[in-house]
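Next come the structures, one after another.
Shared chain: chain A. Partners: chain B in the first complex, chain C in the second.
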Partner chain A sequence: MRNFIIFRKKENKKNTSLKKFSKSDMFWGYSFIAPSILSFLIFNFIAIIASFLISFTDWRLIASPNFVGLANYQKLFTDPVFPKAMINTAIYTFFSVPLGVFMALLLAVVLNQKIRGLPFFRVLYYTPAISSSVAVAMVWMWIYSTDYGILNYILGLFGISPVDWLNNTKTVLLAVSTVSIWKDLGFKIIILLAALQDVPKDMIEAAEIDGAGWWKRLTHITMPLISPAIFFVSVTGFISAIQSMDLVYNMRFEQDGGPARATTTMAFYIYQVAFSYLRMGYGTTLAIIMFLVILIITYIQWHVRKRFIYLESD
Partner chain B sequence: MKKILFITLIVCVFALSACNPSQDTESGETDTITEGETSDIESEMEEADEGEADEVEEESVWDFNADPVTISVLSFFSTDDLSVEQSVVDAFAEAYPNINVEYDNLAFGDYFDFLVTNIAGGVVPDVMAMNFEQGARFAAMGALEDLTPYIEAENYNLDKYFTSTVDMHRHEGIQSGLPATFSIVVNFINKDLFDEAGIAYPDETWVWEDLIAAAKEMTKDIDGDGIIDQFGYIAGWWPNFVFQNGAQIINDEGRCGLNTPEAIEGLQIYVDITLDSEQKIAPDRSELNDAGDWDRFQGGSVAIIPTGPWAITPFKENIGDSFEWDVAPFTSINEPSTLMYGNSYTMSSTSEQKAAAWEFIKFATGERGSTLRQSGGYEISPIREIATSDFISSLNGVPENAHYILDATSYATLPCAHPLWQEMHDIIWPELEMALQGTKSVEDAMSTACQAVDALLEEYGY
Partner chain C sequence: MSKISISLNKRSTKGIKKFFSYLFISIGALIMIFPFIWMVATSLKPDAEAFTRPPTLFTSTIEWENYTDLWNPEVRDLNIIRMGWNSFYLAFLVASGQVITSSLAGYAFAKLRFPGRNKIFFLYFASIMIPATAVFVPNFIILRSLNLVGGHMGLILPCLTSAYATFLMRQFFLSFPKELEDASKLDGCNPLKFYWYILIPNAKPIIATQFLLTFQWHWNDFQWPLIMLRKEELQTLPVGLSYLSQQYYTDWGHLMAASVMTLIPIVILFLITQRFFIQSIKLTGVKG
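On to the complex of A and B.
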């Protein structure tokens, strides 16, 4: 900063207001945030506005778009796949996120203990998070395989007959969301572990001296202190689960959102409508609905957080 | 993040499309080949056997002294052996020194996504490979140049092609391309399994009951663990079960034909031979998830698999000497029928080098191009003379009875080539999947599917 100030003093003679601004600290501040603001405007904001506009057209990528008013939004009420995709996304999200956060919390607490080989376990749990989802899908397709899969083999040892996990409309969605729990666990654990390690030792010790047991210490000191981290992994978890597409796409040979549309999530359906049927207008309409759903859920989470999160003030 | 990427992509293509001149999608009266129509190839085939070869070189109007131009060509042909289609392009470059070709080849699975994104971005290849199903869609969207004026202007000889291979690329009155290859589904058999079971190899005299009996014999749980290890048959693509029982997917009135008794009966057979333990001769959906159909055949655990000539090269490579295999006629349920497909080279309606693009299309689908492609063993040449001579000889005796592939042209039908086919398929198939899992009757599934298909057709004015 000192350099800037010296620089400014030298140039101070000719004074137009623009020049003045260009030499001010504010100018430098804006310059520093410009790259991220510009990339947000170009790649996000304009894109969001554009897709909102496209949703009022019948654009098919190849021919020029025509304005069709609210036709695409009306189609939402007659399209039989749309409610199915919404329900599938809801099942996928409400199964994978709460369970995922709970398991991540459990494992983070365990990994926060003084146990042998801790770095090894941390690496182990983080590996799925950095693995390619295609590779993950391939491995899990083998695990779930009806006749040759290890899962059915283990169940067979207990006398349970083979389940056709990925080809049965009743099991496939939960099977895929289980994989997403497994895959996202590492990321959640890292965040929660960092929060756990920030919990002041003296507070824990003070509670211990006051006679608080292990459970009391966890629920009354640790949990409230890491609640912002739990909130963070829940919100990001919900957003990414609602947008999930890679696993439902890759875990089916046919990549068709099947069997019988059982794995057609919103994101998958948007992809199919926009890029397989080339109906950009209706595809962006669906994307806007998904955007609104995420917005509403995040808004609700944001507002209930005050009741559950310690040290939050608004 | 994915949403952001997705929206970014959308806005990019939106912004770029502004440079793309608007296209007129209005078209004349419909003149497509309806699916289910029997091809007229066989009679022509015989004609070619007897008749004289047509004159090879056409009169070209191309000015070889003009300034050099550059055309871009995108293809999905011969992705297994890229040198095959490359040799066609190289031969063209040699014959037309003042046309530079920027050639690119993409795998079929990625091809149409890539093409659409490029067209939307205004970067359109001058010449594009097309299959006849996608051709219907791209033509309906106005992306393809009608080649009729070019053909008429030069009086270009189309008689050298099998008529139906030319006609299958005519969509809504537009001749969208000239045929480069075609192929047809027949049965491929594992001769070792037939020998082992003491069953004679299938021939033209086989009827559906013969196939069922033989396949039943060869469907076995070899190691006795309750899992069937060897199958007699693979249930092929579902439209075939509709056609071979004399039904249509889209009927003559242009509406869904899958709720007719014939269609339901055909599809019921598909369900029964995979799902019903008494009638089972083929793997069901979940068994195919464990190991794909080709994998099973190449592994020697399937006796009969219906597939096309595109399987010959991979089968040769992957099966090697592990067992003897051959080609047999396609055995139909009721009416002799099998699926025929075809690919063409088409011209972009927005190309700036239409004259040069036309020269490329003529060359690549003409005698030189077709011969080179045929010698590489990629599908079958739509030029009668080349199909009857070069196709068989290019195989070097394996499979032994490859002539059955050409014979199949006598009973082949075209699958659905409707501009809305992709969407119709994605309505029909999930319903059929429920039937194939036994959670819905075929009749209920097809009645639901037909309602949705008809609603779709009405929505887009068909």
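On to the complex of A and C.
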């Protein structure tokens, strides 16, 4: 009943003020949001609509477009590269994201002890994340190099014969994916560490007094409390991994999407179809598919969130 | 007696635990930083010494040739300095633009009252779900129809606003004391004056944070300049580096020198402002 009254009061207040928008607020309000909204309308809203329209054409940029109906969508089923790109993207994502989150969690838990020089370690771990992906690709290509790379040299010390990491169809995708784990680790660590530092100390101490060992404290108190942060780094990790292209593009001198297309990800293939082959119709079709995949995954993740997240941060 | 031995035991296990913790994070930190050390070391080696077995980290002589070659007009094929300047001023313009548009919109969405405000905000914020890669192709086509492909104008135009930055600004301004606003209204301050004289001076930390993040992101951006720019003298540093790798092809000394050049400005910026950086990353995480 009380709630109801409060609700009614709020409603009333809102109603009266609705009639009384000041002209000044309206003028400045709309003016201030105008640049953002205009940009949103052109580069998001119209862009998405244009995508759909162009995906029904055979536009090659040089000649004028012809309406081809669903031909581009039918082509998805006959194009041998499309399923390959989807599978590559899936392998890349499901290898790098879970492993990356796990490693970041491990390091964050260790860093959350009373570690001296924490800011120093934080800077070291975060440096790859602020670095240019192209520069990073260059140095890792050098590390992975078959004959002179440091990785094969180190493996050689243990009697392992050199592997041609970036030209072997079996290793190249995971090799590139590993670099992305390395690059994104710092971002994940900082977010997880911030969440860990917010866990109330008295809760942990109370559990300790009750006789809970560190493993129990970790799994029963700390993990549930930081689950929103784990969720956040997983979601952002998935969304960026699905769109990954910089590393797969630059970690081969040929820039061809890998030996036998072993590193052709969806984003790379979209780029290639649209801007190398100049096939805008099929390119937008692929982009729409990727958009839908990301939407579906985000949707699923939000449902998972409802079920497994212990506490909401807000 | 037994009590003492227990506490001693506890202390020593704690010491061992500490030792392994430090060992673990130090090995991790070494893996994170080693590629950069390797990059710098290779860039300072004479060509022949890059290909020695076993690989040596540092050579007897430091060779600056790999660097001087990059701006030696007789050797260079690509003007890396020019590209560095392009990257710098484009990232600067984009970051400035985003800070201005997002603070204005964030203020309007947080404090001004106008019909449809929350609905418009919700719709606008929902656009962060649209992956950048999905709109590259249509945006290229839109900008092409406006005759803006190939120039810097077309490159920065879609990047001047950000729904995410607007969201962060709005969150910040929501907590701004209402008294200040009312007082300034009584003094006859219009929203623009309020924004400029009161809001902005009090929002310096979030503006600096937002600026840094955006600058860093666009300094490193690869895909969009790759799509939008064709002429080499207009190109940005990451794409230039990518071109370079095609020309030099396993000439690791030069490639590593160019990579170092790409990294140095942003790493220095990061080291100076790392508090802001770390703070801003935390900020993004909390809102997740």
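Keep in mind that, in the parts below, the second predicted complex is superposed on the first by the 273 of 314 C-alpha atoms of A that agree within 3 Å, B and C clash if a C-alpha of one lies under 4 Å from a C-alpha of the other, contacts with A are read in each partner's own complex, and residues count from 1 in each chain.
Here is the rule we use: a contact is a pair of C-beta atoms (placed from the backbone, for glycine too) under 8 Å apart; a residue touches a chain by one contact, two chains touch by 3 or more.
Computed from a predicted model, the values in this text were never measured in an experiment.
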Quick one: classify A:43 as touching chain B (first), chain C (second), both or neither. both
Partner chain(s) touched by A:24 [first = chain B, second = chain C, both, neither]: second
See if chain A has more residues touched by chain B or by chain C, and give me that chain. C
Just checking: does A:272 make contact with chain B only, chain C only, both, or neither of them? Give me first, second, both or neither. first
Does chain B (first) or chain C (second) touch A:280, or do both, or does neither? both
Have a look at where A:146 lands relative to chain B and chain C in the superposition and call it first, second, both or neither. first
Do chain B and chain C land on any of the same chain A residues, and which? 43-44, 46-48, 50-51, 54, 61, 145, 147-148, 243, 245-246, 253, 267, 270-271, 274-275, 280, 284, 287, 290-291, 294
In the complex, chain C touches chain A at residues 18, 21-22, 24-25, 28-29, 31-33, 35-36, 38-39, 42, 50-51, 53-55, 101-102, 104-105, 107-109, 112-115, 117, 120, 124, 127, 129-142, 144, 158, 160-161, 163, 166, 190-192, 195, 216, 219-220, 222-223, 226-227, 237-239, 241-242, 245-246, 249-250, 252, 255-256, 258-260, 262-263, 266-267, 270-271, 274, 277-278, 281-282, 284-286, 288
The residues of chain A that touch chain C in their complex are 17-18, 21-22, 24-26, 28-30, 32-33, 35-37, 39-40, 42-48, 50-51, 54, 61, 107, 110-111, 113, 115, 119, 121-128, 130-136, 138-140, 142-143, 145, 147-148, 150, 153, 182, 185-187, 190-191, 194-195, 228-229, 231-233, 235-236, 239, 242-243, 245-246, 249-250, 253, 255, 266-267, 270-271, 274-275, 280, 283-284, 287-288, 290-291, 294-295, 298, 313
Chain B-touching residues of chain A, taken from the complex the two chains share: 43-44, 46-48, 50-51, 54, 59-64, 78, 80, 141, 145-148, 164, 166-169, 240, 243, 245-246, 253, 256, 258-261, 267, 270-272, 274-278, 280, 284, 287, 290-291, 294
Footprint of chain A on chain B - complex, ascending: 1-4, 6-8, 10-11, 13-15, 17, 20, 22-23, 25, 113, 116-117, 119-120, 137-138, 141-143, 227, 285-290, 292, 422-423, 426, 429-431, 433-434, 437, 439, 452, 455
